[in-house]
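Next, two complexes with chain A in common: one pairs it with chain B, the other with chain C.
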Partner chain A sequence: MAKLTETKHREPLFHVVKRDDMPEWKAWLIRVITILVGFLFVGILSMAVTQKSLGDTYSIMFTGVFGRLLEGSTTMLWKYLQEIVILLCLALALTPAFKMKFWNCGAEGQALMGGLASIFCMIQFGEKLPYITLIIVIAITSILAGAIWGVIPAIFKALFNTNETLFTLMMNYIATQIIAYYVYIEGGGSNVINPVPFGNFPVVGNNDYFVNIAIVAVITVFMFIYLKYSKQGYEISVVGESQNTARYIGINVKKVIIRTMLISGALCGVTGMLLVAGKDHTINTNLVGGQGFTAILMSWLGQFNPFIMVLMTAIVVFLRLGVAKVADTSLLNSSFSEIIVGIVILMLVACEFFIHYSIKFRHNKKEVKA
Partner chain B sequence: MIIQFICRAILLGVPLLYGSVGEIVTEKSGHLNLGIPGIMYVGAISGVVGSFLYENACGNDIAAMNAFLAIIIPFLCAIAGATVMGLIYSFLTVTLHANQNVTGLALTTLGIGLGNFLGASLINITESEMPSIALTKTSSFFSAKLPFADDLGWFGELFLSHDFLTYLAIVIAFVVSFTLNRTRVGLNLRSVGENPATADAAGINVVKYRYLATCIGSAIAGLGGLQYVMSYASGVWSNNAFGDRGWMAIALVIFALWKPSAAIVGSFLFGALCNANNYIQGLGTETQELFKMLPYIVTIIVLIITSMRKKREHQPPQSLGLNYFREER
Partner chain C sequence: MKKLAKVLALCLAISMIALCFGACGGTKDQDDNKPELKVGFIFLHDEQSTYDKNFMDAAKAACEEMGVEYAQKTQIPESKDCYDAAVELIEVDGCDIIFADSFGHEAFLIDAAKKYPDVQFCHATGTQAHTAGVANFHNAFASIYQGRYLAGVAAGLKLNEMIDAGKITADKAKMGYVGAFTFAEVMSGYTSFYLGAKSVCPTVTMDVKFTGSWYDEQKEKEAAQALIAGGCVLISQHADSMGAPTACETAGVPNVSYNGSTVAACPNTFIVSSRIDWTPYFKYMIECVQNDKAIDTDWTGTIETGSVVLTDINEKAAAAGTKEKIDEVKAKLLDGSINVFDTANFTVKGEKITTYLADVNTDKNLEKDTEAIENGVFYESKHRSAPYFDVEIDGITLLDRNYG
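Up next, the complex of A and B:
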């Protein structure tokens, strides 16, 4: 009994306090340090697995991403930018939905449907329509396909509050099966559709990917302005903060949910179009390759700010390509880069704790006095 | 034919059952763990690594292998691997108050990466020509049947012919169901998931309950991965073969309305739906692809119906997905 009362009086060693007062530069210092620690960790882990020196590991990563950039060859740099803009476009597409606290896990499926619409138009109308008309038709159908795939869960969320995380997730697999069906029909029994020569995005200055990069750059700026300065962007953030507040000030919550998911799905559809018409010129079930899920993390790490998202996607794609190269040169499986990306993202998620909370230790002096 | 179909459905359903029961335990504490697909991957590959090491230690000779060790080593490895993943998740979400969806998705990326990386490394070590690793000896211990099952005709095949992990899954589901609804621990756990502030005021250690529920749930889900490799795939691991079963397990939680006993029926039904395309006569390959949508469409329909009916006992734990911070009001 005496023991019990003794423990009652003991203060815990430390306790956690919430804080909102950390200056922006300090928060960014913590994030940058985390990223640097992450890179160091990546290097050391790769070193341990591949038995190469730390310097070699980083130089392999650099060549894996930028190729012979220092000698003037920009081919790999453009590929790197291309990989960034695809992931970035998906992350941008998800951002308005997340800001509204609508967990759109269906970027994968929405992009697949956009891609399906593109390839369908390329095959069906490729020879019949003039080039400009064809591109416009492709753009409209892709955007519509993505928007429809995104708005179905949103309608049910708005009407019945159906769980959107799982609904959008299931829509991914339905989209995958539709693609599998289409590829089987169009590929004539083989599981491959040969690259379609019609309706491809134009090559600008010897560069296949310039159009993709330009489109996503425009979307980035548009999304920044839309979220920060437009009335609709404001409505999204109010609905995200509190649906009751939104209703009180006269925002039609259902309309906002449906409209936002139309935009989110449409941009995912655009990504599908970029992948099909701008990059692969064909389609398979692995078109998006799980990037829909990485994009969720990118959108969250970017704190709903499109320009921070550019930075985050650049880092993650650098890690993915760089570590894949390291794994490749040492005959390791390319999944090694998935592990690395997972670990670095978890580190970034964990570092937010030190930005939003502080740890207060017990004052030992007091105890001595008592 | 019909018996065979049901048996196959049960075999396919068991990994989903493990996954969904694990997720139910976690969700009852108020944590939506989207890391379950990754955790099941890690459970599977941990079991594979464990049995690979044991098979090699015995010189790849089935006669030298002890049946008990051949089962218990992968079993414990799977539990350990999955629990470590659960610990990472609970450390980030409970202690560091990180966003649950983001943490879960990152954990899934990590887990699938780990599974494929270790799998590929093992394939490299064995220098096999196939892109897979076969642990058929260990699998033969796992899928040992009751000796008299074959003598009892259709009854034996339907009820007694399964591997022990299938029975274990059903037992676990009932034990979890009983614990949640009939014991003090279960009551405390449910109150933590419904309203952690009230539970805290009543003297329940919220942090401890959330940690334990997440880790135990992860361990159960990890066994699902093990069952998939050892029983369904007869000990053959190939990368990405596990597929999207983890996501279906999470969907099954809603299908079962957070009731472990309903998850038993649900998982076998899902198993049947996943398999229906192989048993309907006269389907072309292309129509089969369309039929593979069935489980997902059914999940969506169930999601919609449960959200439309809005029955009080059919709702998720009230604070599901919300972290608890004592000083926040």
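Up next, the complex of A and C:
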């Protein structure tokens, strides 16, 4: 990012300067306004395309997310929460790595490997192990699988300084192919694995997703404390700010990189487990459905703060489900939803940019100098 | 401070507008308690996939014709999302019938059917209804092998024309086929296509390549190009993109298409296309629910029900007399004097087969469980609606295999 443009003979038309002077409340006010404007924009754009009134549009969006909540039905609310926690869990998993400036673009693959470990245990040990033991085995193997998939690029980064962005991306493709092959073996000719009735997370109070939501709630709090109050969390920040400073004050950078990616991968593995054991009870290459990449944005927009991430994922999932409903009701192409969500995310990113940087024009600058 | 006040005012104004619209919209959709029937459709993709578009067009047409309400959920993966979509269509939209269009939706739809015994669930291409024991869950398919057979006849006539014109010799009459996966639905399709061609052009042979995907334009194109380079003089396909048809148009090789006409993009090479028209089934299931009749556990659409149809023949590419010949063969299929998988018309490793156990009941080990040949005919779609013909017959060479 062009933070400072060097002044040569002639000053450029404008340049971007970092600003640290904006008070917290003002930054938040700008964010809230952006979100409101975003929602208004979504409504108006939908209205223009669907020829429905703005009120109807918001009403349909609300129904798409919460269903008949106003009449006392919570079914859709739980589904909404489930969608949030999956995206959130991936965002949480990426956060320690990003904070360390390790660009983990492999959440997709790490989660797939976690999911693969889950389904493998469910199929292989489902009938042999007692329920509790099975769940423990599923949890351990899924976490391990995700961690291993995450730590391989970290080891190469630490030892040979390879580019982790490319490495983690490539690992995604490998994971996808492994899943495809596994589905071929297990699914036989039909290319589909039927849901496995063993090792499924328990249904709590008639609710399929309660366990998933509870697990991610715990992880959210844990991650907040880990990043903010633990020594390891501090080491992550220092390595992220400057590896040289970290080395100077005696932090073993290699160790921190590897340890952090173990955690990042492990949490992605957990997400895979939540998707397989807690939701689908089967697997296919589309298990994560690209959310590993959306999570990157969620982590950034949440400014590496788990609680802000909750808010951001809630907004993005609301838009995704709500606009999808608008599209389905008006028989629009489903890309409509993706376009809208994309635009709003872009608005949020732009908003963050203007909170942290300001643009100074040449003309202005002269005035200031004079 | 003034600036702040401005910003605050703007913020308040926007939120008021949003709130106001949100509030007045909240009460609108509650007056829909009239007892009209509503059908909810679950699609794997959207209209950009020819496979889903074929279902969507039929669904809208059937609902309009029957005067019932239509609701849809697109982009629903083959996961618990299918179950959730069904729940949403029932609880939020108030649907009385749920239909899903993809093979992998089946298990999740069965789960939903168990939860909502008063709602009827219909599923295309599935295989488990006859063994699941869930009364409100039903499978449907069509005897598309008959349509493929007719399309094969058109292909055979084209080959004959090439032979007569001296473009190729009779022993060089080789067709190419781009398939998605090496399993029964595709194998049944290309075999019936081949047998149709063979019924008019006895020397025909065929090469098959698989892409391992239902929709991959690039791979389908490459497969078609490889087949053409390998000496195939006519191409057909069972995959959903425009890959193979456009490769044929570029190379000037005749193409027999699937799922709908590709004549607009391929005016010089498109001969004819077979497809399943789902409108008759949708009308049937709506009628059943309207009249409180039970829907068949396994429903197989045929030429007779209007489920198996051919598009218009492209006179520019097709051989002369194609339409007349197809009508003649169609009549024979209808009166039963021709059976597509008559064992007299094909051999396996040089011998006629008299018995074949097909995998009809779904189980993990793909056990062969049902005798499919009776009176010298392999009866496809008799023991369940989805295809189960997976015999590899002489004359067809599988250049590769892809199970997904």
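Definition applied: the second predicted complex is superposed on the first by the 339 of 370 C-alpha atoms of A that agree within 3 Å, B and C clash if a C-alpha of one lies under 4 Å from a C-alpha of the other, contacts with A are read in each partner's own complex, and residues count from 1 in each chain.
By definition in this document, contacts are C-beta pairs under 8 Å (C-beta built on N, C-alpha and C of every residue); 3 or more make two chains touch, one makes a residue touch a chain.
As the structure is a prediction and not an experimental result, all values here were calculated from the model.
*Asks:* After superposition on the shared chain, which partner residues are touched by A:A180: those of chain B (first), chain C (second), both, or neither?
*Replies:* both
*Asks:* Touching A:N333 in the superposition: chain B (first), chain C (second), both, neither?
*Replies:* In the superposed model, A:N333 contacts both chain B and chain C.
*Asks:* So, A:T75: does it touch chain B (first), chain C (second), both, or neither?
*Replies:* Only chain C is touched by A:T75; chain B is not.
*Asks:* Could you list which residues of chain A make contact with chain B in one structure and with chain C in the other?
*Replies:* In the superposed arrangement, which is not itself an observed complex, chain A uses residues 180, 184, 189, 331, 333, 335 for both chain B and chain C.
*Asks:* Name, in rising order, each residue of chain A that touches chain C in their complex.
*Replies:* Within the complex, chain A contacts chain C at residues 29, 32-33, 36-37, 39-40, 43, 53-60, 62-63, 67-68, 70, 73, 75-76, 79, 180, 183-184, 187-192, 194-195, 208, 279-282, 284, 286-287, 289, 324, 327-329, 331, 333-335.
*Asks:* Under the stated contact criterion, what part of chain A meets chain B in this complex?
*Replies:* 16-18, 103, 156, 160-163, 165-167, 169-171, 173-174, 177-178, 180-181, 184-185, 189, 290, 293-294, 296-297, 300, 331-333, 335-343, 345-346, 349-350, 352-353, 356-357
*Asks:* Under the touch definition given earlier, write down the residues of chain C that touch chain A in their complex.
*Replies:* Checking each residue of chain C against chain A gives 7-8, 10-11, 14-15, 17-18, 21-22, 24-26, 28-29, 45-48, 60, 71-75, 77-80, 84, 87-88, 91-92, 103-104, 106-108, 111, 127, 181-184, 359, 362, 364-366, 390, 403-404.
*Asks:* If you look only at chain B, which of its residues touch chain A in the complex?
*Replies:* Within the complex, chain B touches chain A at residues 32, 34, 88, 92, 96-99, 101-103, 105-117, 119-121, 124, 239, 244, 247, 250-251, 254, 285-286, 289-290, 292-293, 296-297, 299-300, 303-304, 307-308, 310, 316, 325, 327-328.
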